[in-house]
């Protein structure tokens, strides 16, 4: 890994303490997010706050299984996010398909399509686990190791090819989208 | 002066034939003449008087006053800009030669109005200006003929009231000369006569500058006139009305005439009436402008509102209010002219004036956009453009006089103006570019240079307003509206209000400093990646790359919000009472009555004719014996 | 030259003080929601983080709009007097209307830049923001006119001085002060009136397309705007005092607004207009009438 | 031109869950709307056919996330119907307690969820925080916070200990004490009244035509509650009321949920009192190891009144060790698809989120 | 059987139903497929007005689809499962969207997952699946596992890695 300049180190340490997450519940793991956000666990303590649109967000939470229809939107949304951006995969579904390993519509591993910085195991992960994952991500960002966005740029061709393999086309044209 | 006007009138006819041969030469000549006239107005010494003829035993004369100079200068700025603009723009018109002729006539007519010393001369040149502009309005378009008729009728309503007033004065004092009238009126004991006369004279101004009960022609005429001529209509011809209004309250010194009629904080009652009309125009103009979809009609209604501002300002007869009102003439003339020229450019390229059919033109017409942007900044009264100064003065006057309701209406109009000027900005220039306009180009320089020049003048006058404030101060001195202090304090770079002042240079510098600081901050941080908003146009099958809730949208025109822009607000006055509708109902009623009579008396059958013939003969005989 | 130093101090205070206050407001809201909330300096981190990101730009008008917004806000914040004649950077230019209209430069720039992003959500948000402006400005300006009519001046530092002898306007014209405070909440875009950026309705409206440093710059602009809005209220209704007192009063007004906003849902757009043009506007005219009649305390 | 096409979701802050409403708006009025579901489609019904009767227990709670226990209960009741099983009495009572707790959890987050679209975030924070107390009970009872896999065919997985009973008593007292705060914060708020009252009215004819169940139809003044009409478990042995309203607007729908909270507390208290002490809380559905569990041939439809309305499982068995077909009737299917297309046009943009929140459109149970 | 159900059975006598009792408040009525629509009409008029669900069962061994309409009576809680079987090789049936407008979406879903055409219901665009390129997935002869393996690559674990894989620590990125 390249040496970071001082400015990059400062920026990384700031980034680690202000994570704006995209307000997008892609799956059932989102059910444990409200408790994490609210009084009991209060993740705003760590500077994690929900944001409305991908342009403003730093982290994308893939909260569980992704079917192909959602994956298209996830990829599109991920590409709309500003660098540096991080992805957290929730639950076993994002790791290896989890309980839906043989489903005809859900994908089996997320990092095949977009780079993932942190996975959280479990179905569904408890709020404590989510907070732990956030802390781990923060640590990674501080050290400059959360480089999923760089990997996506470097291996863009590979990711695109994987996406096309599973999805056919990412930017879908159908009667809804004309 | 008179030779100048006559030469202009004659040359306008000559120019018709030149333009018949080559309209471009004609329009270039027009523009050169106009430029010459701008210099000419500076050279005429103040107070020059020329006698031009006799009427009913009274001499008709022209006089070059401070007011005439100011109004002529503003008018010529607008007209010359439009003349230059027309050099290229005319190729989209069917009758360029007629346009060249009539616009020169309009120039002559308006200059004559501003030079007139007596009411009859004023009337003559007024009619020249009105009729020639009336002939431009329907040019080449059948549907605009009705607009011309409405324009002429509304104008005539005002003009005949004006004439009636003039003859009332003549029958009482035996003079048409304005200084004489002012003197006589001040000494006249009959209050009702004075009120009647002043209001009758003002009626012409009310009709012309689109003040409340006679405002309806503005929408129709501005909306249907040839696009560049709307700039003259709104920027210059409407100001004739403001001039007449100024005559009726300032040249006939209302403070003196109605010294016994002061109701509240030193404003005479007839002025109150005029201010109330002005306030009503502000409300109507603002509310109606907000809901227009046709961009020219939108600005037409905004002219109604701004005419209201001018009237409110002049009507207060307060030093600040008067100066504000008169300065607003300049500001609105320039801003409205630029806006209409910008719209003319848009129509020139896209052939539509509906906001809901346009969008994203900034990608194609950036210079037009810049001109429009600065014009609306001036129109909305935001520093550092000059539009702010006049609004500031009017507010100062209103607050000083404690006219809270009028002030609230003025505030409403001012904030409302943000709403309506922003609507074309968002709907026409910003947002997504519809596919059908993907090959639109910027207009040629001869069209955008006049706009930018006007914008630059407005900008410079916003930062350093003293050159334009000086003639207004002179005017105010002429009319004897006593200043307790110097409003334009050029030594200290201050514009003073009744208490408190501001320094336009500091405001401008602060703004520039703020902008520079912002720019430095902007450059310090990482460079942005460009999002190509035109990608769906260039590349088949590329989705719009902005926030779309994660979905894919390929049709830019469907992702452009420009219909019912202020839906929530428009809904509040959907079912409003409409003066215009009432007029239409009346017109329809008279039309029906006419039809009925027509049908009754002129039945297309020989027997009916015979019957009526017999009846007529009977009546004649009955009268005879 | 001192004017320049004072103006710079204005900006420094506006930046550090207001952004800390915004963090504290988040903390207060969190306490009401029975949470701990972020640290008070969280907003500084947020802003600098946003500035450090690699943003997207939706065309030059988007950039220009943001710069114009920030420039306008900086220019306005630099004029605001801070509680006394001494802390007035430009005593000749601190006219109320100048401040209000200079402030509009920022709003117009923001509106233009955001709509320039090409997003209909932003356009809807901007149309709501402008409509809302029509709502809150009207009662506010009427109250302000009555203040200016009463003291025969529209210069802010003179108004502060007059209050020093005459008593705070809060006591002199309590009705006006209440109306102005209600308008202030709308101006700040706090809860019952955060119609323009309602995230659940229009995806945070004007901000929908902001990324990275644009977001950061607009947050700084927002801080300056808050300084202008609350500062004007403090100057005009809570008398003057030393710089310290000014800041204390500033905190009180800000906390009050935060508390009120954290337990209220938001209005719909025309409900907001009806609200402002109902009781507050009526009260503003009543206040003006009292001032005209001399019925002030 | 004139109409603007906006997508309300999937990635929109006003959207609960992963769902999309595609709407053409003119001004701020929605002219046409079409639902776009399927973002959460996982092929549940297919996957269930591939798993053993008992392995499916791991799968089914995930059909509906906010209130997973109803899936287990329906599935279990369906199998019990086909296999004609007699469930121990204590297990039935425990199921009732669990279902009512789940209803309360869902209502609390739904009341808080209404706070989102109208900007009253304090309500969502309070609601979610109090919901967490109920999740604590679940954690003690079943070992998991969200997906419990507690109700199994033939009873419940584990007995309820006296400590847990005591905990439930305490939490019920606590939530009852909080109800006043909710009333003051949310339901007495004038601004909220102006936002919700008289908006999004769904008349009785429309509701019946659409097949809307739950609060959607009870807000029109009809006491249509499956717990009363078609009592399952021991709902006929406890006393409770079905709150109704006549306004049929968004406000009454939310308010009914709030009213149902206290009814649920009442039911849980009665159940705790009436529950017999026993160790037997389940019976095996058939002999042998779990892999060889078979259910006799047949089909049955079991439905219950969930927090959002009628939730049902249609179970078909061909007598083997895997289900032949399982079909799910999601409670929000009618209002989420047909309702959006038919009744959303004419409302405002800001009402779309409220429709989804007050009608309880739950994307996962539509998509499955 | 509740009153309404006995009445329903009584009324439907003429349709030659095959009645099965599942529960004391649930019966299944099997009809031949030309009589189903009129039977549903009759049932709706006598109180079974609530359509809970329309679903389909793929009896691949009999080469038949079974369509099941589940009706519910709000008055006394009776449930009737109206069932009919149609040919699997050319699956076609008639829509009931005139009786229950919401049936449009149930039918659309069945069309998507089973491939059954409903005459009279034009709106048969895909609802849940996007760019689906296989046979309708709920048919018994469709193997989701195979499809998933082909399309969605799985994570490959090596034996000793599984023990060390700190999945929770997120260190197994592709």
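Note that the chains are named A, B, C, D and E in the order they appear, and that numbering of residues resets to 1 at the start of each chain.
FYI, a contact is a pair of C-beta atoms (placed from the backbone, for glycine too) under 8 Å apart; a residue touches a chain by one contact, two chains touch by 3 or more.
Everything quoted here is computed from the prediction, not taken from an experiment.
Asker: Using the touch definition from the top, what's the fewest steps needed to get from chain B to chain E?
Answerer: Shortest path length, in steps: 2.
Asker: Please identify each chain that touches chain A as well as chain B.
Answerer: The shared contacts of chain A and chain B, listed by label, come to C, D.
Asker: Pick the pair with more C-beta contacts: B-D or A-C?
Answerer: A-C
Asker: Of all the chains shown, whose C-alpha centre falls nearest the centre of every protein C-alpha atom combined?
Answerer: Of all chains shown, the one whose C-alpha centre lies nearest the global C-alpha mean is C.
Asker: I'd like to verify one number: the distance from the centre of chain A to the centre of chain E, where each centre is the average of its C-alpha atoms, in whole angstrom.
Answerer: It comes to 35 Å between the two C-alpha centres.
Asker: Could you state the distance in Å from the CA-based centre of chain C to that of chain D?
Answerer: Going by mean C-alpha positions, chain C sits 44 Å from chain D.
Asker: Distance between chain D and chain E based on Cα centroids, please, to the nearest Å.
Answerer: Chain centres of chain D and chain E, defined by C-alpha means, are spaced 21 Å apart.
Asker: Which positions in chain C are in touch with at least two other chains?
Answerer: Within chain C, residues 33-35, 52-56, 120-121, 124, 199, 203-204, 208-209, 212, 268-269 contact more than one other chain.
Asker: Two-or-more-chain contact residues of chain E, please, as numbers and ranges.
Answerer: Each of 128-130, 137, 142, 144-145 in chain E touches at least two other chains.
Asker: For chain B, what residues touch not just one other chain but two or more?
Answerer: 546-547, 549-551, 553, 555, 559-561, 565, 567-568, 571
Asker: Would you please name all pairs of chains that touch?
Answerer: The complete list of chain pairs in contact reads A-B, A-C, A-D, A-E, B-C, B-D, C-D, D-E.
Asker: Residue numbers of chain B touching chain C in their complex, please.
Answerer: Where chain B meets chain C, its residues are 360, 362-363, 369, 373, 377, 380-383, 388, 391-392, 395-396, 398-400, 402, 404-405, 407-408, 411-412, 415-416, 418-419, 422, 425-426, 430-432, 492, 494, 497-503, 506-507, 510-519, 521-522, 524-531, 533, 544, 546-547, 549, 559-562, 565-569, 571-572.
Asker: So in the complex, which bits of chain C are touching chain B?
Answerer: Its residues touching chain B are 7, 51-59, 61, 63, 66-68, 70-75, 78-79, 90, 92-98, 101-102, 104-105, 107-108, 111-112, 115-121, 123-124, 126-128, 130-131, 133-134, 137-138, 141-142, 145-146, 148-149, 152-155, 158, 203, 208-209, 212-214, 216-217, 220, 268-270, 273-274, 281, 285, 288, 292.
Asker: Which bits of chain A are touching chain D when the two form their complex?
Answerer: 22-28, 30-32, 34-35, 37-40, 50, 52-54, 65, 67, 69-70, 73, 77, 99-100, 102-106, 123-124, 126, 176
Asker: Spell out the part of chain E that touches chain A in their complex, as residue ranges.
Answerer: Contacts found on chain E: 125-126, 128-131, 133-134, 137, 142, 144-145, 147-148, 151-155, 167-170, 172-174.
Asker: Going by the contact rule at the top, pick out the chain B residues touching chain A in the complex.
Answerer: 541-543, 545-547, 550-555
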